[in-house]
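Letters A, B, C and D mark the chains in the order given here, with residues in each chain numbered from 1 onward.
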Amino acid sequence: MLPDVQGMPDQRGVALDDVGIEGLRYPLLVADAQGAKRETVATVDMAVSLDANVKGAHLSRFVEVLHAWRDQLAPDSALRLVEDLRTRMGSGSARVHLAFAYFLERQAPVTGARSFSEYQCALTASVSTGDPVLTLGVRVPVTSVCPCSKAISDRGAHNQRGYVTIEAHPAAIGEIWFDDLIAIAEASASSPVYALLKRPDERHVTMAGYDNPVFVEDMTRQVALALRDDPRVAQFRVRVVNDESIHNHAAYAQLGWNDGAIGGAP
Amino acid sequence: MLPDVQGMPDQRGVALDDVGIEGLRYPLLVADAQGAKRETVATVDMAVSLDANVKGAHLSRFVEVLHAWRDQLAPDSALRLVEDLRTRMGSGSARVHLAFAYFLERQAPVTGARSFSEYQCALTASVSTGDPVLTLGVRVPVTSVCPCSKAISDRGAHNQRGYVTIEAHPAAIGEIWFDDLIAIAEASASSPVYALLKRPDERHVTMAGYDNPVFVEDMTRQVALALRDDPRVAQFRVRVVNDESIHNHAAYAQLGWNDGAIGGAP
Amino acid sequence: MLPDVQGMPDQRGVALDDVGIEGLRYPLLVADAQGAKRETVATVDMAVSLDANVKGAHLSRFVEVLHAWRDQLAPDSALRLVEDLRTRMGSGSARVHLAFAYFLERQAPVTGARSFSEYQCALTASVSTGDPVLTLGVRVPVTSVCPCSKAISDRGAHNQRGYVTIEAHPAAIGEIWFDDLIAIAEASASSPVYALLKRPDERHVTMAGYDNPVFVEDMTRQVALALRDDPRVAQFRVRVVNDESIHNHAAYAQLGWNDGAIGGAP
Amino acid sequence: MLPDVQGMPDQRGVALDDVGIEGLRYPLLVADAQGAKRETVATVDMAVSLDANVKGAHLSRFVEVLHAWRDQLAPDSALRLVEDLRTRMGSGSARVHLAFAYFLERQAPVTGARSFSEYQCALTASVSTGDPVLTLGVRVPVTSVCPCSKAISDRGAHNQRGYVTIEAHPAAIGEIWFDDLIAIAEASASSPVYALLKRPDERHVTMAGYDNPVFVEDMTRQVALALRDDPRVAQFRVRVVNDESIHNHAAYAQLGWNDGAIGGAP
């Protein structure tokens, strides 16, 4: 019988917030908005809390739990997975974070040419006291045209690729999905980006963007207003980063909304 | 006269937590533990809050403020920098985060051969209501030998490179410095790592590590105890990550201490 | 009719080796060793040469070609894809590089516990004069125990995660696949790595590794000998990198074999 | 006396192209164009060839050699360093690659506001048979405005941050320096980028870029012509990548020039 070193007592009296694994790459089946399963590759972080009187956590169990659930990841099953993990580990709290590429087929705005757009998405389930909590995350690439550059210049305006990141805690499970958050993010920008644009599409995107310039501040506020007014969203955090085309650094804005009031709103 | 687009009013009623720049790479002079200035290259993030009734922040001012302070970065001047930034931007809160490589000359444990060890360090200064607050950050590479692998095997034990990350809020400015946090991190591991080890040193490091196996849980607890008992530290967060040599993913543990009690301690 | 700027003449007299796109993330169906299609996410680079008298390449066509072939990627179809690309672009040469995660279900060596191991794989097809050429690439995580550390120490030996990278040009299409190269890479190391190891497995892996210490030089040579003696391989390049556990830098060795003789062999 | 495992004979008959270290971060003093020494942080790769009959290279010697030379890195001393390394290791060939941030103080084009621009630079010295060879590398961030988007749109034009990478082998040591290559790269683009631009500068940069649209193909050709016509340059490679603002992938072009004729030139 091999000794159970992790299960030995610990005398130091220090409980740990999180013990777990990170950076595990795993093939998963994730449900899309219509409930169909899609195979993707996730980067997985999983953790539990550790009591003060125990030496260590049995890390192999994280992978066993993940392996057992890998072909049925959807919002409701993610919540059951994290409860399963907490029970299995005998811990006070547990957390699972799955980050993966999510693709939507898009049509170019004029020619209708089809291609896939990639969105980095994440599903986080956590539980401590009370019911388990789900968070959806999306990172959406967009184009933004600078309002200042347009206003102060006789012609042209600098523009760049930006990324709108949203983390949202749904008011009820299964009512809102990545596709909804992606749509809100894209609507806040000067234009979405596309993998495939033919010349008439490029003309359209160029002029539509020029006619709709936005700062990172504007995009953050637009997303915040849309999410605040959406009854499917209970809490959110939004962050917009522009990889400035006239600088070698980025501009960003962010806002968290936790309790029914956005920032300075009355 | 060019229009001031950022200075225009905004009607949406949404204040922003942070507006700023990130990923700016800049040459800085940082004081070492003895007060001597060392040139290094920092990755800089700077942000301020934005009132609900203003359209945008003037981002060029961030770089102006940084440029003015770049040759005198030390704990006390970082606090004055962030106050300068808040005043200059007319904002309710401000934050500056400087991440940079910090080198210490080390001697190999047996031969005394000299080389430099790199530590990723960070200086964060923030101010909202009340006095500005400083946080020191270090990321320290170490070796850890697995206690379980040693206990269950007749010979050998898997070991790997790990990283101990500490963020600490000092009780008083200037009393504790990166070198102190680095020493605490290295003391928690099976062994420090070195850029240069000759054969007698490699023998020493191998055997010293084998004789002192630690889990990520152990390292996290050892650092936590050392920082809790250090009157120079008011608050801290510690995170230890092992790039496991028998897996293709990492193991980690973490703990935040904010109010005088570590985790499960009474 | 929109002007065709890319199709305009260029007077500078400078032909370009490569014009293309890189970093496109796309969902692809890749055949496994048994010919079954697996969905994965690829990072795609595609390029063609550009004649001296033409201003630019029509980059949207790259995505059109990829989109048309995305559900049938296998060694033979990759060769047809690159020919299709060259023809479509009217270019002298063309190249397609697809990098993606490839998973194999593994069993732990003692308990037989099942989990997936990830291998970074790549399929490169290129054509200029003559027939199109295929290259298979794999990056295989392994464990290596240091022979020097073991020999000079009374107990223990430092070990670490390493990566064996192989690029191989097959002698004939379809005769060798990623699985074969992965097996050769894993056989060269002290031990494979696994996502899931129970305690009896960890004991086995620890002792098997300690009994089979190898330098990066050894692993590179073992892979080179195996590939040289394999009639399915016409050319190859091998590179082994160890993320040293006693240093904060890596050790590596590499070798290219192009013409029937490995390095110093007679 | 500890056994010398690396120095033992090897029976496999496989010589290795490269054995070395990579990813070592080290503080270095690099000479600028005026010969003044500047402290920077380098990422260092060093390698030597290994004869077929020797088991391994003594990797600690790489760090000893680097440490001895760290305060005097300039083109001529880099060549002596690599000769020193080859001799010290008893190898047929040796190579040293130092990558580091290099800063130039820039003035904004209208207001003259001062800030630092970062350029990723590299110094590579290698020797096998014959004299040692030096290569200078620069990676220069720029802005590019798309000529197609401008031509097909009634207003605006998409633009983005791009990177011009040059590797150049000087005709004679010390005659050309990073600053010269950076100037050639920036001159090929729609505009340089700056860390600090006030509004009159932003107006200037926006309009100057709009008036000077370039494809990656154009930038590559402009750099190639400038380097071909520069008697200080013997060989070069140029690569330009645009982080397209209307796509989530990059466009790129590249060209190598080795023997006096660029690409399709007669």
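As a working rule, a residue touches a chain if its C-beta (ideal position, glycine included) is under 8 Å from a C-beta of that chain, and two chains touch if they have at least 3 such contacts.
Predicted, not measured: the structure shown is a model, and the values here were computed from it.
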Checklist entry - From subunit B, what is the lowest number of touch steps before subunit D is reached? => result 1
Next on the checklist: Can you give me the shortest step count from subunit A to subunit C, moving only between touching chains?
Outcome noted: 1
Next on the checklist: For the two copies subunit A and subunit D, what rotation in degrees overlays their C-alpha atoms? Round to the nearest 5.
Outcome noted: 180
Checklist entry - Among the chains, which has its CA centre at the largest distance from subunit A's? => result D
Checklist entry - What whole-number Å value describes the gap between the mean CA coordinates of subunit B and subunit C? => result 35
Item to check | subunit A and subunit B: spacing of chain centres that average the CA atoms, whole Å | outcome: 25
Next on the checklist: Going by the contact rule already set, what residues in subunit A reach two or more other chains?
Outcome noted: 2, 24-25, 118, 148, 152, 195, 197, 199, 203, 248-249
Checklist entry - Can you list the residues on subunit D that touch subunit B in the complex? => result 2, 4, 24-27, 38-41, 60, 63-64, 67, 101, 103, 113-116, 118, 195-200, 203
Item to check | Residue ranges of subunit A touching subunit B (in the complex, touch as defined) | outcome: 2-3, 5-6, 10, 12-25, 44, 47, 50-53, 55-57, 59, 147-148, 151-152, 215-218, 220-221, 224-225, 241, 248-256, 262-266
Next on the checklist: For a test of understanding, state which residues of subunit B touch subunit C in their complex under the given definition.
Outcome noted: 117-118, 141, 143, 145, 148-149, 152-161, 191, 193-195, 197, 199, 202-203, 205-207, 209-211, 243-249
